[in-house]
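So the structure is just underneath, and the comments pick up after that.
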Amino acid sequence: MALDNESQNQKRNFKVVGTRVQRPDGIDKVTGKARFGADMSAPGMLVGRVLRSPHAHAQIKSIDTSEAEALAGVRAVVTRADFAVIEDDEFTADTLDNCMAGEKALYDGHAVAAVAASSTAIAKKALKLIKVDYEVLPNVTDVDAAMALDAPVLHEGRANETVPAGMSSNVVARHEFGHGDIEAGLAQADRVLERTYRTAATHQGYIEPHACLATMGPDGQADLWCCTQGHYFVRDLCAAILGMKQGQLRVTASEIGGGFGGKTTVFLEPVALALSKKSGRPVKMVMSRSEVLRASGPTASSSIDVRIGMTKDGKITAGFAELRYQGGAYPGSPVEFGAMSAFAPYDLEHVKTVGWDVVSNRPRQAAYRAPGAPMAAYAVESAVDELAKGFGLDPLEVRLKNAAREGTKASYGPTFPAIGLEATLQAAKDHPHWAAPLGENQGRGVACGFWFNFGGNTCVSMSITPDGTVTVSEGNPDIGGSRASMSMMAAEELGISYDRVRTIIADTGSLGMNDVTDGSRVTFAVGLATIKAARAAKAEMCKRAAQVWGIDEDAVIWEDGAAKPAGPNAGEFPPMSLAEIAAIASNTGGPISGHHEVNAEGAGVSFATHMVDTETDPETGAVKILRYTVFQDAGKAVHPDYVEGQFQGGAVQGIGWALNEEYVYGDDGVLQNPIFLDYRVPVASDLPMIDTVILEIPNPGHPYGVRGVGETSIVPPLAAVANAVSESAGVRMTELPMSPPKVLAAMKSK
Amino acid sequence: MRYEAPTTIDDAVRLLTDGSGDRRILAGGTDLLVRMRSDMADPDVIVDIKGIEGFRDITREDGGWRVGAAVSGAEMGEHEALVAAWPGVVEATNLIGSTQVQGRATMAGNLCNASPAADSVPAMVAAGAVARVVGPDGTRDIPVEDIPTGPGRLSLTQGDIIASIFLPDPGAGSSSDAYLRFIPRTEMDIAVVGVGVALTLDDSGTCVAARVGLGAVAPTVLVVEEAANALIGTKVDDAALDAVAAACSAAANPIDDKRGTVEFRVEVSGVLARRAAAIAKTRAGGAA
Amino acid sequence: MSKVHVSTTINGDPVEYLCEADETLLDVLRDRIGLTGSKEGCGTGDCGACSVTVGGRLVCSCLMLGAEAEGQEVETIEGMADGENLHPLQQKFIDHAALQCGICTPGLLVAAKSLLENNPDPTEEEARYWLAGNLCRCTGYDKIIRAVMDAAQEMRGAS
């Protein structure tokens, strides 16, 4: 079978891709049938519960579990002593330590013990019977305070070789990116703006708490059901922590009730497996909301210094940013992504960023939608806005003048291929929103954002059933409609209707390794593998047709869902449809399937421009979002509804980050707001409709031109909202969240 | 733990006093169940008062409206005559939490939760509401402002049950009330500041009676007499509203916490008092 | 601890159960009756994922005791469709892509149904305020509100 030309593929007239079909899991999800993490049970199941540190930083001198173990109904109690020592892998060792504290409790909510009991009431009672002797230590939760030389130290000796001598032991890594000569560039500017910006830590805020059901037998074979963004990664991490062979643990991903990066690691899973192993019974564990907020993985808080030079006609002469992120109690804050992405939307001759990874007495951060990028974009886009407005220039024109485009050497190293930033800026300029009048106390802000997008390990298997329907098996949990997208791409490639394809998420025993659902990789990488698997199936079907017709398989092509002779010289045969080929598969060589395994590269970067109008109450500092429009490059929107949904959802998470969401710690290092009452995510009445404009600048690395879209959408809103509020409040805001007390205080002090 | 659902108030009082242990009253449950869930309460007996005769009734009595202790905010909001008489009290009760919570939460429960930030309490205080308390020592009527004595503390004793809240008719003239709160979002938050204003205008539009309740800025909801005095005898004009704002800001004695700063609460006390007074005036038929 | 015997009606079915005195209606529905469509997102009445109606009134089942359901009519997401016919709201949620992960969807549908029973012709603002106690973290609410408004219009046309 002759292969299609990719660039022609991208320009083809799509029949299924680009339409708005109904998702396959829709009915289960609107009728309550869909099974999420906490919805599974097993015969003889026990309830697992975790005892958590009430202290932000404490030496664990001893743990006495004897009374808990003696309580009727308690079947197992585990502490760190029940886990093996992990010596040669810092990431796995840190993950274990985060799941079950070792010598020290490092944050409020850190797990110190767990029980499995026959009922919730008994499990709760057992936790109260565990005696932990703590020696409370001084704590630090602020990033700048944690970098001070006299700050309480979490770990000694964790700084890597990039950290200069003489810094606090809490500083664990330094990252630097850029090119050119900053000082020379700044010297060419008519104005150099220097500002410090701060952002609070926020949580992904998925509505489904972490949950799992573990079963482990005395032979070491285990099954795990859990809500996760990556069940293969869960398998590998749990196996490493528990000293199991990966093949002995089968992980099945439940439906997942939101993740946004927060479900890319493990918290309960190794503990549930250990409890199941010790008790010999299935163990179910479900976090409460306060456990989720205290002890899962929020994102980093940040403190960022920016220096940008601009000429009076709006040319950026140089950009510098120093970023400090605390990522909780272990190394690994997303500051490197922040330092890489800060100036990505700009074509700069002189650019440099330095990022510092800092530990503090907070829960270990996990990925949160474009991890590290929103804070960096907030700082840079605020500064660019202030400079542009200071010169009386149009902020969209200034961005267009300096925009990264094809051929730009990005601040983080690579040279961009075809990208869509200018298209989003131009669309924003041409949109009626940009020209709409504003009233008193109202302001309009714009900002750009960027995300790299990932590819990664991907494995797809496609089976052609005897009646000519198709099942696609893939290994990435569907977090926002990806099963629909995979079915669409399979149908498109096979030339059959969407309703003849069903996509399922296979367990870890059924497919090769798949990387986590993260980095906006799924529609790109799994889509690519699905298309390639379909091509493999088509090649096989062409071969079968050739066999029936008695002609060479190279003389058969696939068109409109059927095998056909390639031309008049190949012979005169009527097209043989997929269903016809499937029906006689037993007689032509057996079942037909297609596979594709790849470590995908070529995930095209995605840019967005956001525009927002706000109104500020001059007497209370309350901010209302009046209008919001997202302009983003999707490469090719496979299912436009769900592309729009990603744009809207990211924008609103960003609005929450900008206005009201924050982790509030007291001096004692205890989280003050571990419930949704006081961790204030946006509610329906806070918002207008979120308008969207999808741009399609094809990604050369994907057969249909697809780019990931899920993460870029949270990058611009922090700065867009800040720029609007700064205008509507009449004072430049440099700290998030812009909660009413802060806005009112800023207005009164201007 | 035991669950009891008595049908008479005598049985309820007996269940609350009969024997030892932690005995709690359940009406809407929107505070008690949260406390139980957060391990802040672990009662031995829960006494559900919703089945007691009259506890779910809104009744017109000589001289005022009586609202049963188990009447939810949503039920108040659906009672047209009550809304017409006390729009501020009803809106204050009916904006506690979500629609879901409004279907359960009660004024009496909101009062007995003894939070300084309780939404219905400043409005009740402004309305001059009186709680009817039934307990081991019989029945007595207590002004609502005398019931909470501090965060989480009440002047009531074990076995006392608030059976109803009485909203007395205002004196001669044209009366109305209003409640405003400040929250960071548009819904679902605890008040950072809450202000209830009730006032009566005579035929000339002069304010002849007023009460102002101020919440979330002190250990208990405040009765701000200086603010009421700033209204009485005026046409509730800009100068009077300025004086109301100044009196409420002066009366506020708040703390810094995760929901707001001292400076913010002092400032916004005045802003909301001014706005609430203006709304109450308009509702009472005063000229704009 | 003594258990409470409760006779109630759930989605039209007569149901009896024994529950602990402190057990929430949500836990009864999920763990005793096997109706796992109602979700626990917070346990404190702040997210609405456990929304059900009791006696026709919208409540958070996490903020109500199982014991309180005695003699009541409880309706959950599992009772919303009529056999294989989806309720118009359910169909509109699918048509408008008003769900991404779907965890908040049961609670939002129950709350939206209650809205339209109380107010068949809501403004967008009324819909947003009625649904403010139902958190959704995926969609930014845009498509949810569109689905609710569209269902309201269709239901008005049908009646």
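As written, the chains take the letters A, B and C, and residue 1 is the first residue of each chain.
One rule holds for everything that comes next: contacts are C-beta pairs under 8 Å (C-beta built on N, C-alpha and C of every residue); 3 or more make two chains touch, one makes a residue touch a chain.
No experiment lies behind these values; they were computed from the predicted model shown.
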May I ask you to sort the chain touch graph into line, ring, star, complete or other? complete
Closest chain to the protein's overall Cα mean, using per-chain Cα means, please. A
From the C-alpha centre of subunit A to that of subunit B, how far is it in Å? 44
With chain centres defined as C-alpha means, what is the inter-centre distance between subunit A and subunit C in Å? 29
Spell out, as numbers or ranges, the residues of subunit B touching 2 or more other chains. 37-38, 186-188
Check: subunit A positions touching at least 2 other chains come out as 288, 676-677, 682-683, 685
Which residue numbers or ranges of subunit C touch two or more of the other chains? 1, 20, 43-44, 46, 129, 131-134
Where on subunit A is subunit B touching in the complex? 124, 288, 290, 619-622, 659-660, 664, 672-673, 676-678, 680, 682-683, 685-686, 739-741, 744-745, 748
Mind pulling up the subunit A residues that touch subunit C in the complex? 20, 22-23, 25-27, 29-36, 38-39, 121, 204-209, 255-260, 286, 288-289, 479-481, 639, 641-642, 644-645, 648-649, 651-653, 675-677, 681-685, 687, 689-690
Interface with subunit B, subunit C side, in the complex: residues 1-2, 4, 20-22, 24, 43-46, 48, 51, 57-60, 62-65, 67-68, 70, 111, 114-115, 129-134
Once bound in the complex, which stretches of subunit B touch subunit C? 1-3, 5, 26, 29-30, 33-34, 36-38, 43, 46, 48, 50, 72, 74, 97-101, 103-104, 186-188
Name, in rising order, each residue of subunit C that touches subunit A in their complex. 1, 20, 30, 35-44, 46-47, 49, 76-78, 80-81, 86, 90-91, 93-97, 99-106, 109, 125, 127-129, 131-146
